[in-house]
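In structure tokens below, several structures.
Next come two complexes, and both contain subunit A; in the first it sits with subunit B, in the second with subunit C.
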Partner chain A sequence: MAAAAWASWHKALRGAVGFVRGVSCFYVVYNYGGFLSKVDGPSMFPTFTGRGDWVVAEALPGLSDRVQVGDVVISTRPIQADENIIKRVTAVQGQTVNVDKAGSIAPVQIQVPPGHVWLQGDNLILSRDSREYGPVPLALVKGRVVAQLWPSIKWVERKFK
Partner chain B sequence: MGPTLEHAKSAVRLARRVAKASAAALLCYHYVGYPNIIMGPAMEPTFPGNGEVLLVERLPDMMHRAQPGDIVVCSSPIDPHSTIISRLRAVPGQHVQKEQTPGSKPSHYQVPPGYMWVKGDAPGSCEYGMLPMAMLQGRVVAQVWPEVKWIRNSAASESAHP
Partner chain C sequence: MHKFVRQGLWLLPVGIAFTDCIASVLKVEGASMRPTLNPDSNGPSDWVLVEKLSVKLQRCYTRGEVVVLWAPDNPHQQIIKRLLAVEGDTIIEDAKTHSWTEVPQGRCWIEGDNAPMSGDSKSAFGPVHLGLLEGRVTHIVWPPARMGRVAVQEQPARLLQTDRRHV
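Let's turn to the complex of A and B:
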């Protein structure tokens, strides 16, 4: 009687260990390799249609050091921590950005502080980005988009304005 | 030929074991907790900052569980590779009183949605100020070296007015 109970316990334990192993493997790939992401919203038109495009992003260690102007990145949204945004890096630390502020005649000059980047959507009219919430800390940047898989397969290029 | 194959097999077995253990350790580090060493005077007198070892918990739903008065570990806004240990002073909706320069009125800020206000315990310590709440990495629950003690929420935070 005791042997049968122990056997089923053991089986459950082995199943649990297998599950944890699978999750660890997925987690490592997701955080230290690459991941897929879906693009919803018009802020990156025409680069992405924003109607469920699928992109591949790399999340390799050292990503923050390799982010350059023109890269498309996926980041946590500063004003809403449970949402992600996909934008283009238009300025890195040390560079200056001119922003038109409502109610002022001249554009305001903002210097991107160390450890931050300036993000803007390609569709400037329909994008809420750094022009609204300021430079974004690099610690929030989770991945750099390298390719699109759907609706068409294409490399995502680094683009300057 | 035979012994070489055996060596290769046991090397592969070892590599697999190391990979599995590393993945499990990484998982624990990100989703359960880990020990952290604090250096620097920003959290005096709570921690002298001479290499005390703290236990940091990173269980899910950190952003809702972290309360003003908790000692938290956040990503550094200056260097994405490092972290800062500071005290959470205010969460969205709460007011923060900015340190006043002599001769000026004290100014109040309200913490906007999605942000938090952190400041070290040392008087005049570097104010990172308003950080996105997404930078929150963990909460300090105990010190394990040089002495073992629980770290509790300090009920009174000077700069937060609910």
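Let's turn to the complex of A and C:
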């Protein structure tokens, strides 16, 4: 009787260890390697349809140093930390951006501070981005989109306006 | 021998996942949290236990707790400050001039206990994004003489208005 009880405990423990190992592996690959993400929303049209496109993003160490103007990135949503956004980097630290602010005649000049990037959706009309919530700290950027898998396979290029 | 090496290799992803998401130990550098942390410039640095699960996964924030976060101006550096206010709160920036700021959605206000030597929301960054928070400092684990809990110190006198929805 004792032997049977021990055998089932041992089996449960082996299962738990396997689970922890599996989850840890997935976590490390997702945060230090690459991951898939689904694009919902029209803010990056026409680059992505925003109706369930699947993209591949890389999150290799040194990501913050590799992000450049024109890259499409996935970042923690600045106004809601438990959500993600996908936008294009249109300016990096030190560069100046002109933003039309409601209520002022001339565009406002904003300089992107150290450690931050300026994000904008490719679909300017239907995108809530840095024009609304300001520069985004690089530590929030989780991945750099390199390719789309669905609805068609294509590289996602660095693009300048 | 082979089996032990294989078993041991699993420590790497499990260790990384654990220290990223559950808890880790961090060495405190600098004087910005005196006297709470590193009170003696001639003594050894404090090492603290940082609990991450509640902050990173549950997004649970407590006013007055000491937190670890990524520096807004340097994505490679972590800083340790006290969380004074969260989104929706209104905080008095300067007691003398009585200037105040409403903390915008998705952000929080952090300050070092040692104001003159701290780069924080008051002196440098303004409200910082909640997504930058990594964990809470719960205990000092080294040196032995200073082992113990790191207290939560709310500062209600600094808050004009608090948004209790966020706790």
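Here is the rule we use: the second predicted complex is superposed on the first by the 161 of 161 C-alpha atoms of A that agree within 3 Å, B and C clash if a C-alpha of one lies under 4 Å from a C-alpha of the other, contacts with A are read in each partner's own complex, and residues count from 1 in each chain.
Here is the rule we go by: a contact is a pair of C-beta atoms (placed from the backbone, for glycine too) under 8 Å apart; a residue touches a chain by one contact, two chains touch by 3 or more.
All figures in this text were calculated on a predicted structure; none of them were measured in a lab.
In the three-chain model built by superposing on subunit A, subunit B clashes with subunit C. When the shared chain is aligned, subunit B and subunit C each come close enough to touch A:S64.
Look at A:P113: by the touch rule set out above, it reaches both subunit B and subunit C.
The residues of subunit A shared by its contacts with subunit B and with subunit C are 20-21, 23-25, 27-28, 31, 64, 76-82, 113-116, 137-141. Of all the residues in subunit B, the ones that touch subunit A in their complex are 20, 22-24, 26-27, 30, 63, 75-81, 112-115, 131-136. Residues 10, 12-14, 16-18, 20-21, 59, 70-76, 104-106, 128-132 of subunit C are the ones that touch subunit A when the two sit in their complex.
Contact residues on subunit A toward subunit B in their complex (touch as defined above): 20-21, 23-25, 27-28, 31, 64, 76-82, 113-116, 137-141. By the touch criterion stated above, subunit A contacts subunit C in their complex at residues 20-21, 23-25, 27-28, 31-32, 64, 76-82, 113-116, 133, 136-141.
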